[in-house]
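Every chain is named by a letter (A, B, C and D) in the order it is written, and numbering of its residues begins at 1.
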Amino acid sequence: MRNVVVENAADAVKGLRDGHVVMVGGFGGAGLPRSFVRAVAELGVRGLTLISNNAGTEGDDLSLWFRSRIVSKIVCSYPRSAKDFTAQYRAGEVELELVPQGTLVERIRAGGAGLGGFLSPVGVGTVFEQGKQKIEVDGRTYLLEMPLKADFALVKGKVADTLGNVTYNMTARNHCAVMTTAADTVAVEVDRVVEAGELDPEAVVTPCIFVNRVFARTSS
Amino acid sequence: MKGLERQQLARMVASQLPRESFVNLGIGAPTHVADYMDPESGVILHSENGILNVGPAPALGEANFDLINAGKSPVTLARGGSFFDSSMSFAMMRGGHIDVAVLGAFEVSQNGDLANWNTGRDEGEPPGVGGAMDLAVGAKQIWVMMEHVTREGAPRIVAECTLPLTAKRVVSRVFTSLAIVEVMPDGLVVSAMLRGARLEDVQARTGAPLRLAPHMRTIEPDGKVAE
Amino acid sequence: MRNVVVENAADAVKGLRDGHVVMVGGFGGAGLPRSFVRAVAELGVRGLTLISNNAGTEGDDLSLWFRSRIVSKIVCSYPRSAKDFTAQYRAGEVELELVPQGTLVERIRAGGAGLGGFLSPVGVGTVFEQGKQKIEVDGRTYLLEMPLKADFALVKGKVADTLGNVTYNMTARNHCAVMTTAADTVAVEVDRVVEAGELDPEAVVTPCIFVNRVFARTSS
Amino acid sequence: MKGLERQQLARMVASQLPRESFVNLGIGAPTHVADYMDPESGVILHSENGILNVGPAPALGEANFDLINAGKSPVTLARGGSFFDSSMSFAMMRGGHIDVAVLGAFEVSQNGDLANWNTGRDEGEPPGVGGAMDLAVGAKQIWVMMEHVTREGAPRIVAECTLPLTAKRVVSRVFTSLAIVEVMPDGLVVSAMLRGARLEDVQARTGAPLRLAPHMRTIEPDGKVAE
């Protein structure tokens, strides 16, 4: 029977290579897979495109990736209060694609759901319409927004079963759930692993089809 | 002319929210509106990082860093609350399911254009937009709360916004330290003023023409609005 | 405090009028709000546009609406084995807009999520591309699909609380959950109503913001 | 030439599914594949009305009409299964998360075009498409299982489909009552044939050129495939 549990964070991020596109869940610290963030920093990769809501603040969050200079581009909505990112951004060492948060998450969902894009009313008449196709529907103007996909998605769950079904803890669900749908390899860091059948089938948030690797922060 | 302090402004906004409405309080000043809300009002607060029915701040020492609001401050969940992912949360916002979003602003124009995400100045930080645009476009009503003028005394209610826009023609009502201003199809209408203020006082601090509503109300210095 | 519980099915469908667009949940009998289906049939309305996966089979399902001749158009994916609908369809008395099931549900989601449409790869090169705008993205062709919204959505849940938070039973969740996001008035028929706070906040599928009326089939 | 019966065909397909793959079995004949699956294979079945890890049919009298599959037949949930709504279910399908979809078909063309939703004849019923197109476009691999010829003896594997298409260039493998046929960029390749059949037998019943795979396998009359 399928069992996606791996023994350590390094195994969970194995295969992540130079130039990969990597989604990282979390809104602030909630939903941030800290073990994976550290494990990737230790890989010695370069030139990552990072898709995440924030750019870290300080300490062992995504700041670590900027301090290690492994990110060449970030796609996010709110890279503020991010000392390390800011320094590199101002030095022109890292590219920023700023995306309104709802558009960011919807682009990820579109990637995961096999859509070629969607029409959003958000950003019309603002600087965010630059470079985007405008499409009018029923007299209202929309921007054509493109899907986002990734090589890896790294997220934080609460409980996973051995098959890879995942639940989240309160607001830590945020971008994590949708990111699991949009990457070739999806690794979930959880507090606890249980046997298949122990999660309520109605309360599973991420069905196991989306999950390739599960790592329990503390041993199961 | 001394206007309302931030806390009194928050009390004023809280008192005006429709009963049993679904409300999103933006980051910053609007967050304080929660402190003045009548629990009997039945207002249900949304937080864009995935909460419906946000409760008050937790007791000292009881913060849970997986239970935070859009400003990344610890909150609680009220009875009957729920959690969901960002994709559903922004679907609620963009899809017009939020009755009122209360947002801070740098500038609001006479036709309801909103500038609240970018000061246009280089502050030594990269730009950040967060969920501001989604709220501004999606909520059924956009209310703005802000100081009537900038620290330098310049109007924030203007004929045309000079700062990068958040969204066009979205603001329906502006609560300032001096007045409540309704954005109508034919211009700005003052529906309430701080006790002792005259229209010319407010107009002098406003960058677009104002007129008085037929039925004017008075804002008390504590932020209460008398009919 | 908000309380959306109504005492009978008639109250749940109150305000539904001639010419309204009405979404009805269910895949076969699972998720079909039978009390509401009956209540609408008794309203004496005419000219409804029905959005539902199926067109009923027989008995007290959506067949009732065709027998009562209250539907002038149906938007659905699979109107087969539907005796009453078939008779009217063949007589030219009811219009059919056939939509692949995944496109149907995604159009409803787009309506609920405030999107102006989306690009789908489904139907390209088939009769379903007729009348639709084709958009090429990265060398792949997509059809521009339009959102669907309704005046009423009528769905079947399992448990609701008095605020209107809803859970579903197994596969009865189907189109119900997404339909609650896309209508002006949303009525949910449930097996049981509980007090606010009795549902697990992590397991609520439809948050109360989407729900206007709750009716318990059997008394709470 | 007597080909495999439906049950033997189902056994053949079941034996070929990759271990631990996520599989959707279409309505009709493909449903029977579940009856022959080795429980040790770890294959996880998806049903588009919102189930992952579909279990076997329930015992007599234990059907639950809220627990049905895409064919509206009662099923059970296997250990570690989950329920979700149609929007997520079709996101799984369209988004390429299903490894293999096994579908019935009326016709498959030599370049992998699939016609399986509409006979093109007026059968006294309105057309119905259901989830056929979403599966055909989205799954990583589309396998078709069908009788090699129609009841009238006409080929179902054709140079070009005559019936309304479900999707273009999607089928990668066809399991028929006579053979396993791979749809390759440069044409159709027979990788297995029923014991006793010769290529010319199969070719005579096929509407497009076939060639033999370098490594041919034999299909036993019970549906087992010998290497």
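Details
Basically, contacts are C-beta pairs under 8 Å (C-beta built on N, C-alpha and C of every residue); 3 or more make two chains touch, one makes a residue touch a chain.
Computed from a predicted structure; not experimentally measured.
The set of chains touching subunit C and also touching subunit D is given as A. Interface comparison, A-B versus A-D: the pair with the greater number of contacting C-beta pairs is A-B. Distance between chain centres (mean CA atoms), subunit A to subunit B: 30 Å. Spacing of subunit B relative to subunit D, judged by their CA centroids, is 56 angstrom. Between subunit B and subunit C the centroid-to-centroid distance comes to 35 Å (mean Cα coordinates, whole Å). Shared interface positions of subunit B, i.e. residues touching 2 or more other chains, are given as 77, 83-84, 90, 93-94, 137-138.
Touching of two or more other chains is recorded for residues 106, 109, 113-115, 120-121, 168, 170, 201-202, 205 of subunit C.
Those residues of subunit A lying in contact with subunit B across their complex are 27-31, 53, 55, 77-82, 85-86, 89-90, 96, 98-103, 105-106, 108-109, 120-128, 168-178, 205. Within the complex formed with subunit A, the residues of subunit D that make contact are 20, 22, 42, 44, 46, 52-53, 77, 79-84, 88, 90-98, 137-138.
Listing the residues of subunit C that touch subunit B in their complex gives 1-2, 109, 111-115, 161-163, 165, 181-182, 196-197, 199, 201-202, 204, 207-210.
Against subunit A, in their complex, subunit C makes its touches with residues 106, 110, 113-121, 135, 137, 140, 142, 144, 146, 167-168, 170, 200-203, 205. Contacts from subunit D toward subunit C in the complex involve residues 47-51, 64-68, 72, 77, 83-87, 90, 93-94, 124-134, 137-138, 164-168.
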